[in-house]
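Both complexes shown next keep chain A, but they swap its partner, so chain B is in the first and chain C is in the second.
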Partner chain A sequence: MFNYTFHWHQALRALPDMLWGALVTIEVAVLSMVLGIAFAVLLAVARMSANRLAYGAATTWIEVARNTPALFQIYMAHFGLGSFGIHLSPWWALLAGITFNNAGYLAETFRGALRAIPPTQTRAARSLGMGPLRAFWSVVMPQMFRISFPPMTNQMVWAILMTSLGLTVGLATDLAGVTQELNVRTFRTFEFFALAAVLYYLIAKAVMLGARLIAWRLFRY
Partner chain B sequence: MKKIYFATASLAALLATGAAQADKLDDIIASGTLRCAVVLDFPPMGSRDADNNPVGFDVDYCNDLAAALGVTPEYVETPFPDRIPALVSGRADVGVASTSDTLERAKTIGFSIPYFAFTNVVLTREGAGVDNFEGMSGHVVGSVAGTFEGIKLEENIKAWGAGEFRPYQSQADVFLALSQGQIDATVVTSTVASAIVASGQYEGLKIAGDAPYPIDYVSLISLREEQGLINYLNLFVNQQVRSGRYQELYDKWVGGTAPGLTIDGVYR
Partner chain C sequence: MIEIENVRKSFGPLEVLKGVSMRVEKGEVVTVIGGSGSGKSTLLTCINGLEPIQGGRITVDGTVVHDPKTDLNKLRQKIGIVFQQFNAFPHLTVLENVTLAPRKVLGMSREAADEIAVKQLSHVGLADKLMVYPSRLSGGQQQRMAIARALAMSPDYMLFDEVTSALDPQLVGEVLDTLRLLASEGMTMICVTHEMRFAREVSDRVAFFREGLIHEIGTPAQIFEAPEKPETAAFLKAAH
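Then we have the complex of A and B:
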């Protein structure tokens, strides 16, 4: 094995700092998910609309979000916009980058779900006197969320893990940032990163559990 | 038959223990290559030339060390935060990477005697409103995560209670952030600051006086328990100064009189 003696004591002493970092991680992930879902619904609808401008804009967003690394998207939100004089702080750049990514992926998930809902339902709703927005909001959208809920949970976990990319734009307060800060100060790389990995794992598991509870509450027939 | 197996097994075990006693220094000489961890976005210590080849003070220093050992040098490029993981995971044998010899780090890795010394200056942008070291109070500043000056600067910002510190992962990102206006100032070693201002790569950068930090002595690094290798590195650094090679390399990459590597009034 490699030549390394583990100093767990030193790592465990830093645990409170890392837990505060984990809170920032969860905060960014949840916000990026909420915003991402909102944008994704708009994108999915735009992608299926006959309006060429809306279709083109949504397609570009989705293509870039899904086919370039998240690292690139976050880096561009900070340094890319920065070169045009638009300065997002590391926290905002990270949130913007992940939201952009989430929206792109979720839009395709939603589009798939929308395709699975028979168009006769919309027609039935319209024939009952509902307007087009009302029909979408009350009849189609709840079913869309029900169908796409498992992939949404997946994206949520992915969002949590993506927050670690905040490092590249100088974010020091999230779990990865705090960990890297401790690492470069003490060079106890393996202890701190192992601890961070455990925390990421626990956060992801907690989210899965939470999602299961929500699904059980919201989506039972 | 069983006896032969047993004899073979014991012989193998004996050879294995014999091999395990060879230390890192033996391994380097036996393998014929010296793998140096170098940082290549930190001119003039390490950077890449127009043909993308590693050049700089640290690269030459690694070449000298390999020549002294009678082996071929090999460069393992590592960003600042990855120098130690590179050593611990066995990707590199020695770090020739301007590593400040802090006590906190010495708990994890082994340091040679200092092979170079830096002083720090404030680097800022025209019109950012930072005129000197104290002028950074209340501004957004940044540096490379975990460097000597980065750690000091973060402490200063905390002590002033005004402003924000952003740790970036590489020196290149810090300069980019500074030139774009994401941060207003940084503290870097004087050699790097002069090199980057002289290069004209980023417009409008200027040096705004010295940072009142102690002299930043940097050492060669290796695994903490490789005393044999560290011993060799110490003698190597000593010989570089004695032979005039240190001054020669300093002239080549920085210019002027090379800074002294001893501290008055104390042994090392």
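Then we have the complex of A and C:
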């Protein structure tokens, strides 16, 4: 049953290629997070607004993002939009799909955080002559980010792991894609994917560590 | 000058202000006393337009507060308000709390805003707390910071909404001293308060609120020593 000979050297020789792939993985995850946060802030505010259209649109986005497989969301961005003549490359489709997913989850995180900030903070800001946007930007949002920081960190790790779904829309340049290419060429499935898994693990750990440093630097109060 | 004419204000079916009229001249200190729920605090938040009104009119230096055409952000720059709950911005240092509005609303440079903030914070006795976060301050210190924050906008009027009610008894004195200092400098002030001795000491006039109306208004001597209305006398007797 166990007459398999490991060929680790083969995998390790491909390590530089895989590291380049990891760079693409990080690139997509970071961008999806930055865009996801921006959309999530808008969604959270829309979801708390009295405007029915804004509320409806935001609720639909959030519900779909949170209650359907991330795989389908990425598929839809590539093949689904393709049916309507909107052709996104695998890289863009992956970014769009993960951004959509991040925004949905983060919007709910932000909404919870906003509820935890007393409305008197906004009143105090407005009474100093700040407009509603300024009050939100300078007084409410920084507090919202602090409250949401741990779940945001989780979402960042989740975004990194989700990038591996780029495989399904044919992305060959990220860590999962590069690994799959090597696998197809060599059939050393175990070695390559084990090595890729270690790399994903290390990236995720680095994110957690980085988040801790950022929190330590940013949230002194 | 602040002119309050026949102001009515309701929260749903509950009418809190039932036709309040009052006039506060430049340089005057008016304190508002009365039982809880008599509408005292609500009046203050109507004056700077934080709350809409259902009837009447409030004008500040000729500007009608609740006119839809009024730029409330502009108007609020000259009406400082300090709340019962200090409402410190917890994510900003004491200095940043005070410089935020001068920088972002008035567009001051950091240096200019810092200069004003340091001046105001020294004024309220917090010059040694500039880089501290509000969570490290006592209630009294947070409240004095809130006063400095409002003063940094160089307002023409200051509204104080029960600013000592949330403080431990031993911290009340330091905040009242700050208010006394402001009054002595000629700041136009409306103070809603439960501190009768303070009201008696600093006020030019005292207004007694009862059931959404000014029941009696007069000089401290009139109100505290010879109230005309029996309800005023009864309230003061209970409050002492």
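Heads up, the rule we're going with is that the second predicted complex is superposed on the first by the 218 of 221 C-alpha atoms of A that agree within 3 Å, B and C clash if a C-alpha of one lies under 4 Å from a C-alpha of the other, contacts with A are read in each partner's own complex, and residues count from 1 in each chain.
The working rule: a residue touches a chain if its C-beta (ideal position, glycine included) is under 8 Å from a C-beta of that chain, and two chains touch if they have at least 3 such contacts.
All values derive from a computational prediction rather than experimental measurement.
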Side-by-side fit of chain B and chain C on chain A, or clash: fit
First (chain B), second (chain C), both or neither touched by A:127: second
Chain B versus chain C as contact partner of A:146, first or second or both or neither: second
Touched partner set for A:85, first chain B, second chain C, both or neither: first
Contacts of A:220 with chain B and chain C, given as first, second, both or neither: second
Chain A as apex of chain B and chain C, Cα-centre angle in degrees (nearest 10): 170
More chain A residues in contact - chain B or chain C: B
Touched partner set for A:111, first chain B, second chain C, both or neither: neither
Partner chain(s) touched by A:189 [first = chain B, second = chain C, both, neither]: first
Contacts of A:47 with chain B and chain C, given as first, second, both or neither: neither
First (chain B), second (chain C), both or neither touched by A:138: second
Smallest distance from any CA atom of chain C to any CA atom of chain B, in Å, after fitting: 48
Chain B and chain C contact sites that coincide on chain A, given as residue numbers: none
Touching residues on chain A, where the partner in the complex is chain C: 118, 120-121, 123-131, 134, 138-139, 142-143, 146, 219-221
Contacting residues of chain A [partner chain B, same complex]: 2-4, 7, 78-79, 82-83, 85, 87, 90, 167-172, 177, 180-181, 183-190
Interface residues, chain C side, partner chain A - complex: 48, 50, 73-74, 76-77, 79-81, 83, 85, 87, 89-92, 100-101, 104-106, 133-135, 146, 149-150, 153
List of chain B residues in touch with chain A within their complex: 80-81, 84-85, 88-90, 104-105, 107-109, 142, 145-147, 151, 165-169, 173, 176-177, 180-182, 223, 225
